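Read through the structures below before going on.
Each of the next two complexes has chain A plus one more chain, namely chain B in the first and chain C in the second.
Now for the complex of A and B:
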């Protein structure tokens, strides 16, 4: 009975009910959607790692990168249980994929999970296995692998012989999987490395997932603002009902319980809807997330989403927790409300100056915590804690700062309507403050992330111009063709600059050592962020190596320090170069030294300097019959890199828009629910001679002014966010630091969007006021009787 | 010519049972400096008549003339201008502007109408006993104090017509009497025509004229 009396309020206030449900649904959807994306990606890393090292099989690697196949036979004869693996990148169709060659007869029992239900005969005769998404991407090829969910996206699993042929590694293998005890002593030239468990990839991508989680949490918080706002207002409106029910003998316990049941009902309904919406959202965003993870980390993630019951239960739990958080204050206030509490709606608790002082105190403490974390914290978690503390502090300061701005404006105003406008805006701040906090957070997140991405883009484009100096790049079919190409091109072009590399562990991190030919192309253009004097001469004289920024920052190695290179021991670091978009450690030595350290390493690519790229391309096509994909010109390479960059940050843009939309919805919810209360405030002005049209215009103007002031407040907060992202989070997450650049045009665009969002949020209440003429306002006076 | 003339005013409201007539041909004049008490039972249409007189609500038929100006001939903006400069309204629930101080509330309508006189406003505040309360906000005042501010706000604009809807209905008898007497004195001193809705026969007895509204008609 009590519950039905409580629920009757919502039947008469359907918009309010919709706002509670929509707020909670959106909060649950955004949170659980992000969790679904994270879970899907993490599952994919484990699949990728399991394919080559199920049951934790360790690897035997050659110090020089590859090893002859004879080494495998020699070890098997000596009783060491090993299985050969050949791994490399090839182009199938128009797509670059990882070709993974295994020997199904000696592979660890679980390794070839993909073969469990397959056709071994077919596999041995050249057909392989690939994830259905990989198959879709590569289309029809000579290889025609069969579909298998057990193979990670972007990888084709084939028999070792097929892989050797395709990769030009006849008689060579990449590494050995150890399926029995490790040999003692370790054979010469081999080293034991621990199995990949997915932890390496997971470690690299942790920051990305933490980013997504932070966005999800932000959106969840913004959604809860809507719910809190609507539930708080409903509480105020039902004060009279509470008093009546208590007077009629309903115990406080029953009333509180009924209110809790009401909240739980909302949580259940909105939680289920949120889960469905979150699933749809995650499925829609997954292709972009997968592209981002491939672009940034080379991580294989399928683009189709799988449903998990654990995820669904966790999402529902979040809906209940969110409803509890948003409605907890109402329950607490009910529990402490005297039986004869005044029925007249009064200002919300936050309206009191005391609440504002508490907010300012909280903001001060959080700001101090943020400063302390900035000064003394380290690591990704400290970085995100800093961000959270600073954003919360800024959110808590929103109302006091806006109140100050409005008070100053009121003092400066002379006209009576303007004076009322500013004073009234200030008086309504407590009711609007939660929604304005949500807007401020969404705008700051947009400015911060937008500035970070734009700064990154500007730096990245400069860097690309420096790195992609060569007019064209050729990918030879195999080592023999690389030699033939170099011989052919040497007399015809300005320079041929071969690219050779071996995989290596550098300062404990997975990475590679590269060869660099001593040439003006590199001396004049290769960007460096730190260097010793005479860096290029030193490099040419084999006095040391260049390392990439990721390695430098993660291992804290800088010019003057040294790094251990396989086969070369400790090598002096001569310079550090930026290397955006690559998650792995790198070192560069001069070509001659590289060849002596790692003899027989095939050339992977040839960079060509030429005055006439078209003629060179034509000559190459004539002489070698190279495929179009094998020759990449500079413009193509830049366009491809930029396309990957833009795709990488698509997900960020999508989440930015979603967060801003949720904030706009929070404002709409608040303004709609407050529109009834506003009539009481506007009616006297109408009676004193302001037209309804004038009042509706002032309501719209107020929304714009508040959006503008909130945007002004969000600017420094957003720039702080950008600086923390660039100087702390990016360094921890990706290993590179970028300079902060300012993009006022982007801010102007965002301000416009914020204004439009605010206008959209306030348009309906203003339109209703205008359309109603004096009717609704007159009822304020009529209700007095 | 009367300051306020209501001619054959008719008004009905829609209900589930159909149109319910509230005013059925009411005609009433208020002259300059005259105080007219409008009495009647609850639901007899007193407040509706007052709202129509103020131009807040339109009659279905009949005319409202303020200073000879026909309200029906004016657009919404014109009616708003007339309310701003010619009519003062006092409500039972005071309806002060909560975001403005007492001083700003007192001066508000006069400033809207561009007739603000700081000296007059100060004198008015003193006569209303509000001089020490000018920096306070409405929520910091008692009911009697708030009603005095509402009366002061209406009179500060020196309206030709003052319409008051049960201005003492929410006050205790002593406070109500004091507020009523003050309003009468001020209105008479300014030559303002006052139409006052009241349930109190005692207060109505102090007015120049008393009219009774019964079943939508003047008795």
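Now for the complex of A and C:
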């Protein structure tokens, strides 16, 4: 009875109802969508790690990359519990996949789990397993693996014998997994290393997930602004109803309960809708997220989403929490309302000078916290805390700063209508402040993230041009073909630059050591961000190594320091090179030294310098008989790298648009709310002779002015955000620091969007004012106000 | 379900696979099946028989330590074939599984190993005899001309234990059933089965508290088949007993819809008498709670015809082989009409 009386309000105010539901739905959708993406990716890391080794079983590697199978038997016969692994890349259908060969009888239990309920006999006689997505990509082939969710995307799991045959590695194995205690002493020529584990991959990708979570939280907060303003308005508008109900004998308790039930009903409806929307959003974004994670970290994430009940429950809980947060204030005020409180709408959350001082104090404290975090904090979490503190401080400052701007404008104004315009804008600022804060946050996030991405992009393209100077790159099938190719190409091209690498632990981090031939290609082009004088001569003279920026920043190693390379002891660092898009540590030594340290390491790739790429390509295809797939030309490589880069930030762009849309919606909700209340303030002006049309125009103009001022405030905040992202978050997350570059054209575009969003938000209330004509304004006087 | 469980299932429960065609020489998948009247030949039959589905080398030892305590040791190598042949390299269809157990009055240790044939990690050969998986091995130390099993060395290690034992045979090989053809059910399932029950042992046990020198007696079982159990048979209770008067008794019951019993009575000289179904009776006398189940660890064994009435007590009732395939296996002491020691294996509980 009480409830239906309360609900009848919504029947009459459908737009308001829509605001509450849409706000809560969007907030839930964005939050739970992001959670679903994160959960899916993290699950995939665990799968990948479990397949290779359970609980991070350590790995035994040969210094030369491969080892004879006899080594495995020899170790087992000596009581060392190891399991052999053969790993390599093969082309199935048209797709390159990793062929992972294991011995199920000695493999760690985690690997065996991939074969759960499997057909051992079939597996031993050549049947493999692959993720359904991999199967889809490779289509029908001779080797038709069975589907298994336990195998990472892009990998085909087969018996070791099958893998040896397919990879031409009969009698050879790639490495050993240690399933028992480590042998003491370590057998000659073997190195113990911790392999890729889920934790490691999760550590590398943490930044990405934290980034997504931050976006989700931001969107959730902005969504709550909408709900808060709509619920608050509904409360104000129903004061009369509350009074009537109370007068009729409804107890305060049951009235409050009824309102709470109403709120819970909204939370349930919006929560379910939000979950559905969040799922759809996550499913739509997942392919991009998966591509990003694959490109950036080599993390095998499947592109299809799985539904989890835990996720759904958490999303619903967030919807309830959000509804409680947004509606709590209204309930509290109802509880404290005298029975016969005048049923007079008063501007809710009317500003007083005191409230503003509190906001400024809060902003000051948060700003101080941000500065402290910037100075003394370390780690990714501190970086994000710094961001949050700085953004909140800026949000709290929105109102004082806008008030100041409007006050200055009012002083300058001479015409009475103009004076009223500024004064009235200031008067309305408190009511609009929440929505304007949301807009400010969304704009700042857009500017910040946009500047970061654009800066990154500019630096990245520059760097690609420097790094990818070779006209083409060839991936040989095996070591023998690499040698043959080098002999074949030597007389035909200007230079053949072989790429050799061994996996290594550098300063405690997983990584690799690379060989570099002393050649002008590198001396003239290879970018360095720090170096000792005569770095290239020093490198050629085997005086030291180059390391990548990731290693340098994480381990704080710079030219003049030294780093331990396997087999070489401490080696002087001659230079540091930027290495975007690679999560692992790297060191480079000159080719001759590399070959003496790690003899027999096969050549993985050959970079070719040639004046006539077309002729070289033709010679390779026709005379040498190389398959076209083995050749990558420079343009292809650049296009591929750029494509990976673009996809990496596609998700960022999508979330940017979403937060801006939510902010616009918050503004719309607030303006619709205000438009009814503002009739009281507009009626006297109308009575004094201003036309409704003029008044509506002034309303639109005010919206534009406020949007403009907010944009102006968002600009420095956004740049600060970008600076923190580039100098703190990126360094922590990826291990590289990028210069901040300024892109004013992007800001102009964003300002245009903000103006449009503001216009769109105020258009309907203005239109309603205009279409309503004098009637509603006249009624204001009729209602004795 | 884990791969190793699958493997173990292949190894230890072949009843589901092997629908035998006794007398035809091979079953439906081309595996050889035991034939009555085919004489065992040595040293050939000491080695592996890859054309049969399953096979084992199974040694159990009842031991006494210098410290005066009773111990027991088990060394087993199982072979299971996915196809009736051997091939080189990873193509080999032969799968090997090793089990090692070590029992003290207070603790029981167990370990297992898996390997594929064809690559050298595990296998067996008749001449010179050796059977191995990883660093575990059973190797003949017999002089030229003597039976390979007349002197053996075995060794195995687990995470917390290890042993190295030397065996010296004091009597001949013993063929069970009809000259080595051992019937395992009323329906005629059978295996080839012979033993060397006359070993004296000396060696060292490695225990968490340090090494212990031991002496004692041991028993080696050799068995291979392609269809040893009937489909209704759920497990078995198997005893090998060395009596103080020098006689040996091998006896087992296969539990199923109808219990099937068999045994061999062995004189101190090695003369064997096969005991037909029903001659021996086995009656549980008490259970112990082991690994979450009730296992009958005390038994009464009767052979009324000979006035034999034995009672067995485990050295350690908790002798549970907690492996991929789990079962109870441990040393026992024998009282009643005769005194003695032995080993008991119980599966299917």
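The rule is short, and it goes like this: the second predicted complex is superposed on the first by the 708 of 785 C-alpha atoms of A that agree within 3 Å, B and C clash if a C-alpha of one lies under 4 Å from a C-alpha of the other, contacts with A are read in each partner's own complex, and residues count from 1 in each chain.
Methods note: a contact is a pair of C-beta atoms (placed from the backbone, for glycine too) under 8 Å apart; a residue touches a chain by one contact, two chains touch by 3 or more.
Keep in mind it's a predicted model, so treat the numbers as computed, not measured.
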Item to check | Touching partner for A:79 - first (chain B), second (chain C), both, neither | outcome: second
Checklist entry - With the two structures laid over each other on chain A, which partner does A:690 touch: chain B (first), chain C (second), both, or neither? => result first
Next on the checklist: One more residue to check, A:614. First (chain B), second (chain C), both or neither?
Outcome noted: neither
Checklist entry - So, A:416: does it touch chain B (first), chain C (second), both, or neither? => result first
Checklist entry - Is A:103 touching the first partner chain B, the second partner chain C, both, or neither of them? => result second
Checklist entry - Between chain B (first) and chain C (second), which does A:69 come into contact with in this model arrangement: first, second, both, or neither? => result second
Item to check | Common interface positions of chain A, toward chain B and toward chain C | outcome: none
Next on the checklist: With touch defined as at the start, can you tell me which chain C residues reach chain A in the complex?
Outcome noted: 1-4, 6-7, 10, 82, 89-91, 93, 95, 114-116, 119-121, 132, 134-135, 157, 159
Checklist entry - Can you name the residues of chain A that touch chain C in the complex? => result 69, 72-73, 76-79, 81, 103-107, 109, 112-113, 115-118, 120-121, 124, 159-162, 164, 170, 180
Checklist entry - Inside the complex, what are the residues of chain A that reach chain B? => result 415-417, 419-420, 423-424, 426-427, 681, 683-694, 773-774, 778, 780-782, 784-785
Checklist entry - Where on chain B does chain A make contact in their complex? => result 42, 47, 51, 54, 56-57, 76-77, 80-85, 89, 91-93, 95-100, 104, 107-109, 111-113, 165-166
